[in-house]
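Same chain, two partners: chain A is paired with chain B first, then with chain C.
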Partner chain A sequence: MDFYLGLLQIIGVHTLLGLSAYVVLLTGQVSMAQAGFYAIGAYVAAMCTAMFGFHILPAILVAGLVTAFVACIVGFPALRVKGLMLVVATLAFGEMVRMFFFNFTWRIERGGELVGPNGAEGFRAIRFFPENGWETGDVTVFIWCVVAVIMAVLWWVDNSRAGAVLRAVGHDETAAQSIGLNLTAIKVGAMTAGGMIAGMGGGIYAHTVTHIEHLVFGVLLATFAIAYPILGGLGSVFGTVIAVVFIQGFLVEGLRFMGEWRSILFGALIVLAMNFRPTGLLGERMPRLFKPRPSESKLEPKGAE
Partner chain B sequence: MDYFFFLDLIQFTVDGLLFGTTYALIGIGFTLIFGVMRKLNLAYGAAALAGTYIGLVMFLTFDAHPAIVFLASAIGSGLIGLVVYLCCFRFTPENYPMASLLASVGMLLFIDEVVIHASHGLPYPYPSVFRDAIIEIGDVWVRGDLLFVFFMCVVAMGILFWLLYRTPLGLATRAVSQQPRAAQLCGIDVTRVNMMTFGIAGVLGGIAGAMTAAAVGVLSPVIAMGLTVKGLIVVVIGGLGFIPGAIIAGLLVGAAENIFLLLRGVTERDIYVMLLLFIFLTLRPGGLFGNAQSRD
Partner chain C sequence: MMLTLDNLSKHFGGVRAVDDVSLALKEGEIFGLIGPNGSGKSTTVNLITGLYTPTSGTVSLNGRDLTAMPQHARTSQGVARTFQNIRLFGNLTVAQNLWVAQNGHEQRRQHFVSRWFRPGGEHSGDIEELLTFSRLASKRDVLASNLSFGEMRRLEMARALASNPRVLLLDEPAAGASLDDAELLAERIRAVRDRGVTVLLIEHMMELVMGITDRIAVLNFGRKIAEGTPAQVQDHPEVRAAYLGGGHDEKMEKASA
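== the complex of A and B ==
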C-alpha cells in the first residue's frame, strides 16, 4: 500500500512541476528554467522547516513566494528575447541555479546537530513529516489537496478572461499586441505564476524525500517539466495530469522490470509522440466534455476576446 | 597584481583561446541549422558526442591511427545529424516549433542514454597528438595538443567557408537561409538543403567533440551537456545565424571560462559563464554583432 501511496506522492509533485511549465507554455514560451525554480523552492522550504522550525504550510508558501520573486526578476531580462533564445536563456538559468546549490553551504546548529545545505553533499535530514507524526497517507492527502487547489485555480484562470489573454499571446504575439495587450507584463506574469507553482512543488518534494542534492535538478527534470504539458496537450490542465500519470505511473514505475532501459524509452517516446501527435494527447482545445457551454467551441481561441 | 599572477592570467587566456575554437565550431553548427530551418536543434551536442564515441570504437577495436579516429568521429557525427533531422525535423509540423524543439530534446536524452549504456558510463582514454610538445614564447607555454586542436578547428572553419561561398551547395544553403520560399521558387530542393546542412553541422560537431576529447585526453558522456550549453551560449553571444559572430564568441567564451577558472576555481567557473550569458541577454539581446531584427 505504501508503494502506491508513494507513487501517488510522486505523481502529485510532478503534476505541480508540469503545471508550472503549463502556465508558461500557454503564452507560447518554452521555459527550461522550471527545474531551477523547483530547486529554489525545495531548498527554501527545507530551510524554513529544518533550520527555522516553520510549519509546512507557511514554509511552502514562503518557498512559492521567494521562487515567484526570482522568476519575476529572471523573467524581465529573459523575456526580452523571444522563442528559441528564451530556451537558451532559461536552460542557462537552470544550470546556474544548480551550480549555485552545488556551491552553497549554510549550516546552523539546531537540536544538537548541524542542519542546512552542505554544498555537493546536499541538504540532509529534512524531517518535518516524521518529526510531526505524519503518516504516508496523511502526506499523500496533503499533497493532493495542494494539487487540487492549484488545478482548480488554473482551471478557473483558463476559463476566465486571463486564460484567453494568455492563449492570445501564445497563438499570435503581433495580433495580441495590436489589440492592446501588454506582452511583457503578460509573459512576466505567466513566468511568475509558473515560478510560484514550481516553488511550491519543489518545497513539497523536498519534504517527501527528506534529502535533496543539486544533481536531481538537472536538465532531465527541466525536460520532464516541459514534456508533461506538451505531451498531454495544452488544451487544459488535465492534459498535464494525464501525461504525468502516464510517464510516472506507467513508464517509470510500470516498466520497472526493464531496468535502466526505461530512460532510453522516455527519449524515444517523446520523439515518436511529437512526430505523430505534435499538439499532444488531448490536443490544443479544451475537451468537449468539460466545456461550460457548447456554443463556445465554435469560437477560435484567437478570436475569443 | 604581481608578475606571476599576470603570467598565469596570460597563460590561462592563451589556453582558453586555443580551446575556445571547439566552442566556436559547436556554435557554428547551431547557427547553420538555425539559419536554414529557423529551429533550434538541442540534440546537436549529443549527436556530436555519439559521433566521437564512434571514433573511439575505431580506436579501441582496430587501434586505428588518430587521424582515422578523428575522421570516423566527424563522419559518424554527420550521419547521426542526418538521423536527428529525419526523426525530429522532417515530419514535425513547420508552424508548430514546440514539436520539433521537444522532439530534439527527446533525441538528446535518447542519444545520451544510448551512449551511457554502450559505454557503461565509464570514461575512456581518447587518442591525442603532440601531447608532449610544448612551444615556449617567453614565459608563456603553448601546449602542442591545444595548438593542434586550434589548427584543426581553423581548418574545419576554412573548409566550411569554402563550401558556403564557393560551391553551388553553399549558394543554395545561403539562399534557403535568406528566403526559403523564394529559394524553393528558384528550384532549390529545400528538404535536401536542410538535410545537407544537418550533415555538415554534424561533421563540425563531430570534429569539435573529437577535439574536446583529444584536448582532455579522456572521453566521457558528461561532455555532451557541456558542449550543448557552451555551444548555445556562444550562439547567443555571437548572434543567431551569424557565423563570424559564433567564431569570435567561441574564442571569447573559451578565454573567459579559463580566466574564471583561475580566479574562482573549477566548481564556480560555470556560474560565471552563465552570468556572462545573462548580461549579454539583458544588454545586447541580438548578440555582439546583431541588430534588433535578429532577436528571434
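== the complex of A and C ==
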C-alpha cells in the first residue's frame, strides 16, 4: 500500500512540475529552467521548516513566492531569445541553480544538531512530516489537495480571456502585438506563474523525500518537466496530468522490471508520440516553435516593403 | 487631421525604405497608399503600428504623438491593422480570435479581474455583433485554422475592428482575391468606413483602389511621388513612369501616343 501511496506522491509533485512548464509553454516558450525553479522551491521550503520551524503551508507559500520572484527576473532576458536559443539559455540557468546549491552551505543549530543545506552533501533531515506525525496517507492527501487547487486555478485561467491570450501569444507574437497585447507583461507573467508552481512543487517534494541534493535537479528533471505538457498536449491541464501518470506510473515504475532498458523506451515513446500525436495526447494546440513560419521573412527588416 | 505622418523616414543600413514621407488622413475617409513592389508601403504601415521605430519623423493620431509608444499602447489609442499574409491565431476559435483582440481604450478601462479572468466573454454582445457584421456568426466556434481563405480574410479584419479602432490599416487585403472577391471587399471596406473608422488601404489591385478611395498617395523607392484624388493620381506622369518602368515623361508620351 505504501508503495502505491508513494507513487501517488511522486505523480502529485511531478504534476506540479509539469503544470509549471505547461503555463510557460502556452506562451510558446520552451523552458528548461523548471528544474531550477523546482530546486529553489525545494531548498527554500526545506529551510523554512527545518531551520526556522515554519508550518508546511506557509513554507510552501514562501517557496512559491521566492521562486516566482526569481522566475520573473529570468523572464526578462528570456524575452530576447526564442526556440532553441531559449532552450539553451534556460538550460544554462537550471545548471547555474544546481551548481549554486552544490556550493551552498548554511547550517544552524536546532534541537542539538546542525541543520541546513550542506553543499555537495545536500540538505538532510527535512523532517516536518514525521516530526508532526503525518502518515504517508495524510501526506498523499495533502499533496493532492494542493495539486487540485492549482489545477482548478489553471483550469479557470485557461477558460478565461487570459488563457486565450496566452495561446494567442504562443501562436503568433507579431499578430499578438498588433492587436494590442503587451508581450513583455504576458510572457514574463507566464514565466512568473510557472516559477511559482514549480517552486511549490519543489517545496512539497523536499518534504516527501526528507533529503535533497543538487544532483536530483539536473537536466533529466528539466526534460521530464517539459516532456509532460508536450506529450500531454496544450489542450487542457488534464493532458499534463495524464502524461505524468503515464510516464511516472507506467514507464518509470510499471516497467521497473526492465531495469535501465526502460530509459530507451522513454525516448522511443517520445519519438513515437511526436510522430503520431504531434499536438500531444489532448488537444490540437501546440506552439509552432520548430516549424518555420512561412510568413516570417516578410517582417524581417531586410529592405523596403 | 486624424492620422498624420510628418517627414517619416526609415533606413535599413543604406536602404532608405521610407524616405521623408508626410501624409495626413482626414477623419472618415478611405485613403489609398499605392506603389510598385519595394516602394515602402508595408514599412510605412509597420512604422505607424510601431513594429518598426522610425529613423526620423513622427507619427501622430488626433494630435497625439505616437512615435515613442510601444505597439500595445497604440492599439488603445485607436490604431489597428491587418497583415498582407494573414496572421490569425489558428489555435483559437473564431470568437476567441476576436476576444483576445479586445484591447481598445474603453475595453482597457474594465476591471482587471473581469477583463482577464471572467470566463465566457467570447459570447459577449460586442463579439456577436462583429461576427454578424463579418458574416462569420455560423463559424464562431470553429478553429480559425479551419476557415476558408475568404473567411480568414474577413476574420482578420474583424479582429482588427475588435478594439474599436479609429484608424484601420489594411495591408493588401485583396492579395490572392479575384475581381469578384474584390467587389465584395470594396463593399466591406465601405461598411467599415460607415462604422466611423478611417481606413488606410494599401493595395496593388488598381480596380479596388481607384474605385473606393477618396484620396491616394503614391510611393516609389520610399518617397512620396504623388498625392490626390484617384483621377489626379492616374494622370500623374511620375506615377505612370513608376508603374510602367519608364524613366521620364517623353517616353511615356510616346508609349501612350
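Everything that follows uses one rule, which is that the second predicted complex is superposed on the first by the 284 of 305 C-alpha atoms of A that agree within 3 Å, B and C clash if a C-alpha of one lies under 4 Å from a C-alpha of the other, contacts with A are read in each partner's own complex, and residues count from 1 in each chain.
Assume a contact is a pair of C-beta atoms (placed from the backbone, for glycine too) under 8 Å apart; a residue touches a chain by one contact, two chains touch by 3 or more.
Not measured: the values here are computed from a predicted model.
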item: Partner chain in contact with A:174 - chain B first, chain C second, else both or neither; value: second
item: Chain B versus chain C as contact partner of A:95, first or second or both or neither; value: first
item: Chain B versus chain C as contact partner of A:136, first or second or both or neither; value: neither
item: Residue contacts with chain A in the superposition, chain B compared against chain C; value: B
item: Partner chain(s) touched by A:210 [first = chain B, second = chain C, both, neither]; value: neither
item: Touched partner set for A:223, first chain B, second chain C, both or neither; value: first
item: Contact footprint of chain B on chain A as seen in their complex; value: 25, 30, 77-78, 80-85, 87-89, 91-93, 95-96, 99-100, 102-103, 120, 219-220, 223, 226-227, 230-231, 260-261, 263-264, 266-271, 274-275, 278-279
item: Residues of chain A touching chain C in the complex; value: 156-157, 159-162, 164-165, 167-168, 170-172, 174-183, 284-286, 294-295, 298-299, 301-305
item: Chain C residues touching chain A - in the complex, by the definition given at the top; value: 12, 15, 17-18, 37-43, 46, 49, 51-52, 70-72, 74-76, 80-81, 83-85, 87-92, 96-97, 99-104, 115-122, 143, 159-160, 162-163, 221-222
item: Interfacial residue positions of chain B with respect to chain A in the complex; value: 34, 39-40, 42, 87-88, 91-93, 96-103, 105-114, 117, 225, 229, 232-233, 235-236, 240, 267-268, 270-271, 274-275, 277-278, 281-282, 285, 295-296
